[in-house]
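Both complexes below contain chain A, partnered by chain B and then by chain C.
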Partner chain A sequence: MKLTESLSFRNVKGRPARSAVLLILTVIMTAAVVCGIMTVSSLRAGLGALEARLGADIMVVPASAVSKKNFENIVLQGSMGYFYMDSSYYDKVAEREGIEKVSPQLFLASASAGCCSVPLQIIGYDPETDFTVSPWIKKSAGGTLGDYDVVVGNDLSVFVGGTITFYGVECKVAAKLDKTGTDLDTAVYTNMNTIKKLIASSIEMGMNDFRDIDPDHSVSCILIKVADGYPVDEVLNDLNLHVRRTKSFRTKDMISGVSDSLSGVSVMIGVLMCAVIILGIVILFLAFTMSVNERKKEFAVLRITGASRKKLSGIVMSEALIIALSGGVIGTAVALLIMLPFNGIIEESIGLPFLMPDALMIAVMCAAALAVSAACGAAAAAYSARRISRIDTGVILRGDN
Partner chain B sequence: MRIASKGITKEFIRSSKGTNRLVAVAPADLEIAEGKLTLLMGRSGSGKSTLLNMLAGLLTPTSGTLTYDGSDIYAMNDDALSLFRCEHIGVIPQGQTAVHSLNVLENICLSYMIYPGNESREAVRSRAETLMKKLGIAELENAMPSELSGGELRRMAIARAMIREPDIIFADEPTCDLDDENTLIVLDILKEAAQSGTSVFMVTHEKDAENFADISLEMSSGTLSES
Partner chain C sequence: MKKLRSRAGGAVLLIMSIILTCGVKLIFPACPAHDDGTYMSCHWAEQAVFGIGIALCVISLIIIIGGEKTAAGASLAAIPLACITALMPEFLISLCKMPTMHCHTAMRPAVIVISALIAAAAAVNSAVMLRKRDNRK
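On to the complex of A and B.
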């Protein structure tokens, strides 16, 4: 029987109220650390996925669309909404100098009425010119989409091979995309022919806000990749100056709003995490100091029966580690129980791209949180352990300590 | 085991500036007789417990040497001295002392939790049971210290000091606060230990203890003398 293991365990068990309070504290501390790390990591991953999928340097939209509520989220994150401009703008944009690639997209929001299976954003792209979504659609669908084929976002509960109906038109689900942590997870991608049919059908059913448009001659936004050697800002200025009734944006500038919000949220979470950790260490420190003070005579008994100074420190440190690691394990489990089932609600309340890390990354984060918890316990108990290792047994036994 | 002190003293600094020193034990030369019960008497504050703690290797003297079979124990490092104390010295401290998270049997066997040694668990347990029976606490084996009376706690501390059959037992006021019956039980046990070859060094106020002592010493204002 090893004293430092068994006695520490017995001391923790033998003081249930004190141990429970310290355990709850470490549970809160670890849960806060795990939730904080996972939230920040999910936000960063969400932004990374958003950046990776945008792919374009510049986006051109109708000037009137800019005033639309939620405009940035419509073009960046696949939130529901649509607007159109004449497809002749596509040719005008393509003619400008410094443009390497150009590709149109068409948007349509499905309705919640019986004509549609589910309300969501439908994004049409041109497989021949597209340079942004094709690679990851190809990865999921294994090729280009045929007419009436759709690729659905990760959060939609439809099966690949099943059908989904928009404005009375039945479409086949060809594939499901990887999670992005944005509204794109509830969006649908299809080719230009299909979305034009869907827009026409929505107009026929009187369910489109733009009743006078010709779907065959309309686009919602034009994505541009700037040719090498041309500064993006110059091309952007040229477009804003010469392609009238449109508004061109640099995509990175559009993301910077999201990025700024993410930085703000990250800093706030970081500060909260630090505050919880510091508070935890202070309370643990006080608890261990008080406990060791109360038990000075017990430590003196251990000393007279042959415990070395190192062993006394070992007992205090083991007690701290038992509490910190138990609290760490429970805290990690609590954090996972909060984060895994409720990440959708968290995503919605934060309003930023939110992409949960994979299982391996989560395991690494949990291990890191456990290490933080153990380190906090050790740091809080270190002073008491040092102090008790220096007790003068004779003085303690002699006096009324 | 031959235990001898030469000129050991202990001074305590009373004020924070270190100007007011209390001489708790004046230079003391002492040899503890093997297999005898040595009694140290004296008024409160005379330095008896301080001397006992120094002799037991628990309080480093300000000056002088303490040897066990010729080895200066205060020259040992802490690990070696702790092991030495565990194997050769039994201490019955003043007051009520126990590890409150352990039951009576575990408290008695505490030194085996620290250094298990080569003895089997059964042998240790059997010796603990014999001691508990002798001390009248056999039925308290599984009781926790918080459930014991002052006398029972003291008897548990005596068993704890004797479990390893040490070469010497240092007992600091072992009968303090005990009733007459328990006082006699404790003194009998210590006398029996001395008769079986263990040196016993006991500090007490108890006048009746003199009847059990082989050697009596007296301490007055930090100075040791034979009574």
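On to the complex of A and C.
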């Protein structure tokens, strides 16, 4: 027998208002589960990518930079902003004990004007000493980075071999990096010569004013890899004590801020998801109980026409599953319609690393949400199904219930 | 009552067309102008969607107030128009280079989703109207 011809399907179709309300409820429940799982999973993937991308143990920045708004996002996630210190600090840092690798970076934000293709963070680095950017470039294209060559983040809509203009200077895109789910995906990396030329061009155009700062002898931050056998905390304390007017940070401690925010958001999403599921189950349970109470006579008639007790409970369970599964499918579609096209704006509003899972993972999540929806429907209807299988037809038909 | 029911599809289309037309200017617009007053290309995609949105509003009104044949024809006309609207940002008129910009994160997905819903609603409405006409024959 076809599903559409079954008694359960006809019962669902025959009570459009009740079915529509239950359907909407399961749609909301499933959509909340899919959106919640996808958001939490994207946030975790984003944090993982950020951790993998930061190869440095310690970061040294000018002491004045710490008070800058959005400071952590500038150094960790490539958000737009800049600060400078004299390049002599690089030598001072490199002289300290326990340092295996040290590499400087210089920041510049491009302008939101016709002279620049896009407003973004430009990061100048030294390819000879670098140990944080180069491994990711090799993954993308490889080769050495010449003057006016740039390496772009994964989210920039420019192709390798194409050009991009900053402060009137045309740069060639030499490579593209892997995705991190942070603003680093929209940052541009270039060598120190090129960024200094871009700074000079921005000053010539009157777009930047460096006042007493000499861009040729400045760095924004110094990245450090601690040598084996030296505790990171000891090297950190040594740097904070002996390299004055700078502030050194352990990158893992900086990420812990992002990680704490992530766990806060994850807990909040988890609580909301549980609340929606519990509320959904309670409402479905009440709806099925009330519906079965109303239809006791209908089930009694079915019973005396030969339907077994198992058949009666089967009808109730099938109705619940029809509503739960169709609501689950629609809810999953609604969630995908929200999460897939609007993930950019979700990322922007959360302000944390956000890396969407791949298609296979999304399919698994949707299947899990469908299973949750079906399980909730079955759990809510189980009590009613058990009650209806034990009805006393005589009492009900006499109207003594 | 029957006439009212048959035109309900037109009302749904009108509401969605108004959301598209007003939304692209007020809720999910393209990126603002540069500091020097020049516009990025996404601005012209916004203008194009706004223009087509007005056309979709007019078509929806024709579905509501027009005769049965006119309404069925107008519903059919709304389908390709909605599809073109969905293709307007990025495919027909390129947006900003950075996918994190507002035209990519808000305008493009909103226009695609609403246009797809308009196309689906128009297809259902035209199918219902044409089937009714065939049944009467």
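Points worth noting:
Everything that follows uses one rule, which is that the second predicted complex is superposed on the first by the 383 of 401 C-alpha atoms of A that agree within 3 Å, B and C clash if a C-alpha of one lies under 4 Å from a C-alpha of the other, contacts with A are read in each partner's own complex, and residues count from 1 in each chain.
In the analysis below, contacts are C-beta pairs under 8 Å (C-beta built on N, C-alpha and C of every residue); 3 or more make two chains touch, one makes a residue touch a chain.
Quick caveat, the model's predicted, so the values are computed rather than measured.
On the shared subunit chain A, the superposed partners chain B and chain C are arranged side by side without overlap.
Of the two partner chains placed around the shared chain by superposition, chain B is the only one that A:394 touches, whereas chain C remains out of contact.
The superposition of the two structures on chain A yields an angle of 70 degrees at the Cα centre of chain A, opening toward chain B and chain C, reported in steps of 10.
When the two structures are aligned on the shared chain, A:96 is found in touch with neither chain B nor chain C.
Judged by the touch definition given at the top, the superposed model places A:183 against chain C, while chain B stays out of reach. Touch criterion met: A:15 reaches chain B, while chain C stays clear of it. In the overlay built on the shared chain, the residue A:156 is in contact with chain C alone; chain B does not reach it.
Contact comparison for chain A: of chain B and chain C, B touches the greater number of residues.
Looking at the shared chain after the overlay, A:6 reaches chain B, while chain C stays out of its contact range.
When both complexes are overlaid on chain A, the residue A:172 reaches neither chain B nor chain C.
Of all Cα pairs spanning chain B and chain C in the superposition, the closest are 20 Å apart. Residue ranges of chain B in contact with chain A, taken from their complex: 49-50, 53-54, 56, 58-59, 78-79, 82-83, 85-87, 91, 93-95, 97-102, 110-116, 160, 172. Of all residues in chain C, those touching chain A in their complex are 34-36, 38, 96-101, 104-106, 108-110, 112-113. Those residues of chain A lying in contact with chain C across their complex are 111-114, 117-120, 155-158, 164, 183, 185-186, 337, 341-342, 344-345, 347-348. If you check the complex, the residues on chain A that touch chain B are 1-3, 6-7, 10-11, 13-15, 297-298, 300-311, 392-395, 397-398.
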